[in-house]
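Each of the next two complexes has subunit A plus one other chain: subunit B in the first, subunit C in the second.
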Partner chain A sequence: MQLPLLFSAKKAHGSSTFAALRCPNGSVFSITFSQARDRGRTSLPTIREAFLQMCNLPVRVVCRANAEYMSPSGKVPFIHVGNQVVSELGPIVQFVKAKGHSLSDGLDEVQKAEMKAYMELVNNMLLTAELYLQWCDDVTVEEITHPRYGSPYPWPLNRILSYQKQWEIRRKMKAIGWAGKSLEQVLEDVDQCCQALSQRLGTQPYFFNKQPTELDALVFGHLFTILTTQLITDELSEKVKNYGNLTAFCRRIEQQYFEGHDKDSSATASARCAKRSLLR
Partner chain B sequence: PSAADRNAQACFLNCCLTLACANQIIFCNLLQAYAKFAGAPLIVNTINNSWSSPKADVPVLISEDIVISQPAKILNFLRKQRYNADYELSAKQGADTLAYIALLEEKLLPALLHTFWVEAENYCSVTKPWFASRIPFPLSLYLPGKMSREALNRILLTRGGPPLYSLTEVEAQIYRDAKECLNLLSKRLGTSQFFFGNTPTTLDAFVFGFLAPVYKVCFPRVQLQEHLKELTNLCRFCDDILTCYFKLTVTGKFYFSSTFSHV
Partner chain C sequence: MGTVHARSLEPLPASGPDFGALGEEAELVEVEPEAKQEILENKDVVVQHVHFDGLGRTKDDIIMYEIADVFKAKNLIDVMRKSHEAREKLLRLGIFRQVEVLIDTCQGDDALPNGLDVTFEVTELRRLTGSYNTMVGNNEGSMVLGLKFPNLLGRAEKVTFQFSYGTKETSYGLSFFKPQPGNFERNFSVNLYKVTGQFPWSSLRETDRGISTEFNFPIWKTNHTLKWEGVWRELGCLARTASFSVREESGHSLKSSVSHAMVIDSRNSSILPKRGALLKINQELAGYTGGDVSFLKEDFEFQLNKQLLWDSVFSASLWGGMLVPIGDKPSSIADRFYLGGPTSVRGFSMYSIGPQSDGDYLGGEAYWAGGLHLYTPLPFRPGRGGFGDLFRTHFFLNAGNLCNLNYGDGPKAHLQKLAEYIRWSYGAGIVLRLGNIARLELNYCFPMGVQSGDRICDGVQFGAGIRFL
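Up next is the complex of A and B:
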């Protein structure tokens, strides 16, 4: 059930007013991002939006500078519904399910196991590779990540916070054994992951039957971000572009779930300032 | 189980437990299993030459004069030598393999690391004595502790963080995830003998590598083992592989040696 967006979010000098949207049953969905659209991990906002769009739930996107602190788990983005705040894809999916919307009800047990396995594969490979590229590749860190991450803050806070984040991410990479990997190895892992996704998708419109599931939202979020985020080199997006069915999949979801809503709302346009459409 | 089975199991366990850490235990299991599935002749050696061995992670595969040290590379090497257990899999099944391996690493591995290296009773009564008895004296005082700290570090860095604020909460979460993972594996396996039909493949080797230590090692604190024992098809899966593939020792031209990683 689709509802028109009733209010628009206004931006005033770095803070944005928060507009509420109400559905007939009283539940309100709004997603909050950090001010610089892709400060931390770039793909998560798209995943959440995609998932909520697929559930046909009305969504409002808002940018806030202190979003990381508003979130219960410290991770952006998160959703704010009524008086509840839920972050991270897993809990959001369960929350939405508890409200009566679910994308994976039609799957049998074996298919659900497969879906969860593929979601872990994407988290394991694509997410870690994105983090690696953002925080462990020196050129990218210096030219893109530090400026982007520290942009809402004045000097010297911007440098301090981004170095702190970098140190945190590098520690994690070292613990899981990715610190010793070279860029080529990381790109090879991404390629392997995309190959697996491409083989699983085959010629179907979605990963499971003809209906999208959480896995589709997750894959779309990651691939869309990889394809549209401008980095120093295009190697990462080239790896994804090698697989025609994956780019077609992204385009299809973008057309179906995002193009229509962009016309309705001006507010989401402000949140999409850093993104380009795949269709251009 | 017959005496022969028990012997085989004991040898196999002996092998596993002499390796450097839970991570390597898993990979050594699975590499042995994979090699057996693919028919690659290999010898398992537990060479204790830690002072002179190269700075390599275990396990290490030595074939004539080539030394390969990472599990993924070892698997690739065996495949290129035409010992390929996945020959008959379709592309989609190959993709499924990768996905399930990621599931094992993300959901089951933290709990395994915890059971072996962080859970105090287990660590003090089983892991540390076994490990320390296999390495020379000065290292045996330091290395187990280091492995334990690294395991805890890894668990906290990857799974800790808000909204889980204490170690007990993290532990509860990782065991929940591990049990869910075991349930998913059980559903996927169903009643078939192996994950993709009647012949074992890489995925079977990986699952065996992860499950066998949980299934067979006798720890004082065994919540994961108890959960596993309720999933009878997974137990049957492990038993089948143990009886079919680990009864006899094999000799051949590949030497599979385990060295201990340097401090």
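Up next is the complex of A and C:
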């Protein structure tokens, strides 16, 4: 069986990076594709990686500049297993469940509903806040997002595609009512979301008892990206850092699921993946 | 003596036709033809004036070039011939709807006894012509709007705009054309376009937005074209079931290329020619003027026709091409060659020969294709002299091969690769000529040399197009 491939974000310099993450037992091989550059969804690659890692599924990450267009639904990341291509977290979770792996089997119905509610909260708040900051804040757009988004393409295509994406995101913001919000309001919303998450986490190692679930993967992905992505201001990451248990949670997951495998991957990967670490 | 009649006979007397008078005139008429003959063949004439009636916005200088030859005529037959040629040249400019020529003797004070006046009566095309069509087909309906501005600035410049708005795709094209005054064959044009294409044989959808400038010029008997083109290409999958190799090619790319084409065409017609040969050589270099696609592409087309006994024509044709990617990026599916179908190797499905993945054909970097044809009139020649002349029966033998080359190996290895697993087919059918542009074919084919992965269409195959192997 071929090794699963996780296609993830191509970093800002436009070079392909591969990372092969191996886990001991795994009967499902998946190939996950993520965005080739930090577009509006920077957190998604890490979410998928985290989720698949937690399931103990062997996965290989491949970075491509056109991952967004390769995906059947237009969203990254997506996984390629055998002949099938599955994109977005929800369907990936379903797919993996159909193959017999699930992280939330130990939860009862009430907890599952609660988990879904928290996942919705994270998607609506954190994800939209990330998009807002990247695409609707003029300074960030000009200095960071446009160069990053257009880096794999030659002139004038880089400008055309970034403006196209910007209009698309701004239209979406208008549709959900975020266009009128100011940066402070957005940060306030992020703060409230983090407060809710922090309260739910409390002093537990994971959100639901001792075992990680999809919610842990999701929250880790978003928070990790917020804490490590370089923007003009550090306000967003400061908001998250206010909650000590969240940063500890991120660090714990990073150490447990990612650092141990970096040594493996450097020997097997064809190029170095520029992984950012919380511990800097 | 010396009167050249371009007008009718003298007017009848006011009292009405008088048969007596007619008898006298009849005698005159008998005498005149001999005199006329003498005039036409031997008489030396000088063209003194050339008049133009009906010029509006057309500038004088381009007209001067086209009619310069008329002044050089020495006798009447020459004048008539040169005037006819000038009329053809003026019509070719594409700025007049009608051109009429009147040749008359010179009147006036400075008229020589053998002086002639040539008058061109022209009607200019309107400033703006438009057309509107609706088209329905292939599960799609569309409106096509066309606008043409002939002779925009007076020197045969032309601007055309076409816009097609459909239920699935929208496309448009704007083009500006300018010939060199006096030398219509040398011209340049600038085009701006957006076209979308759907290629079900590869499960691929392609949208091209581009700009190109083109410069045509003849050298001796050949026609050359130099072109720069910049295209923003967007590739996507046509269906969710597209194979992964095609999915990998989705996305955006920018191609900026310079190309040169040479054409030598001595055929008497481009559709069903009876004699003559055609040679077209085209090369394209992409990547050195910007963009992120880098390759060198060569392709050629050769055709030879010879008429045999009993109105039949033997035709041989050979096509070939090669794509060499420059740098380490592999070639893109949008640049590769495709083979197969009713317009190339008959007996196979459209573009369904060569490398493929899960039923989606990926094209190849090198190909060749050849055909031998025998065209004969329909058996028993029905409708001879009329409709039946548009049909021909047709016996053919086609062969070809398409593959990817590993450019590390030498040319010998390449030739070997192209020579193994040749696909070929033979058969017969009927060809219908549509105007001077297109032809329809209905053939019965026997495909041979089929490799695993190729899709064949053995039996009856229908084809329509402008360029056939």
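Criterion: the second predicted complex is superposed on the first by the 233 of 280 C-alpha atoms of A that agree within 3 Å, B and C clash if a C-alpha of one lies under 4 Å from a C-alpha of the other, contacts with A are read in each partner's own complex, and residues count from 1 in each chain.
As a working rule, a residue touches a chain if its C-beta (ideal position, glycine included) is under 8 Å from a C-beta of that chain, and two chains touch if they have at least 3 such contacts.
Note that the coordinates shown come from a computational prediction; the quantities given were computed from them, not determined experimentally.
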When the two structures are laid over each other on subunit A, do subunit B and subunit C clash or fit? fit
For A:179, decide between first (touching subunit B), second (touching subunit C), both and neither. neither
Could you say whether A:171 touches subunit B, subunit C, both of them, or neither, answering first, second, both or neither? first
Residues of subunit A touched: more by subunit B or subunit C? B
Quick one: is A:157 in contact with subunit B, with subunit C, with both, or with neither? Answer first, second, both or neither. second
Could you tell me if A:114 is touching subunit B, subunit C, both of them or neither one (first, second, both, neither)? first
Check whether A:80 is in contact with subunit B, with subunit C, with both or with neither, and answer first, second, both or neither. second
Rounded to whole Å, the nearest C-alpha atoms of subunit B and subunit C in the superposition sit apart by 9
What part of subunit A is shared between its subunit B contacts and its subunit C contacts? 72
Within their complex, state which residues of subunit A touch subunit B. 72-74, 109-110, 112-114, 116-118, 120-121, 123-125, 171-172, 175-176, 192-193, 195-197, 199-200, 202
Within the complex, which stretch of subunit A touches subunit C? 64-66, 68-70, 72, 80, 83, 85, 153-157, 160-161
In their complex, what parts of subunit B are in touch with subunit A? 91-92, 94-96, 98-100, 102-103, 105-107, 150, 153-154, 157-158, 161-163, 184-185, 187-188, 190
Contact footprint of subunit A on subunit C as seen in their complex: 232, 235-237, 240, 244, 247-248, 250-254, 290-292, 358
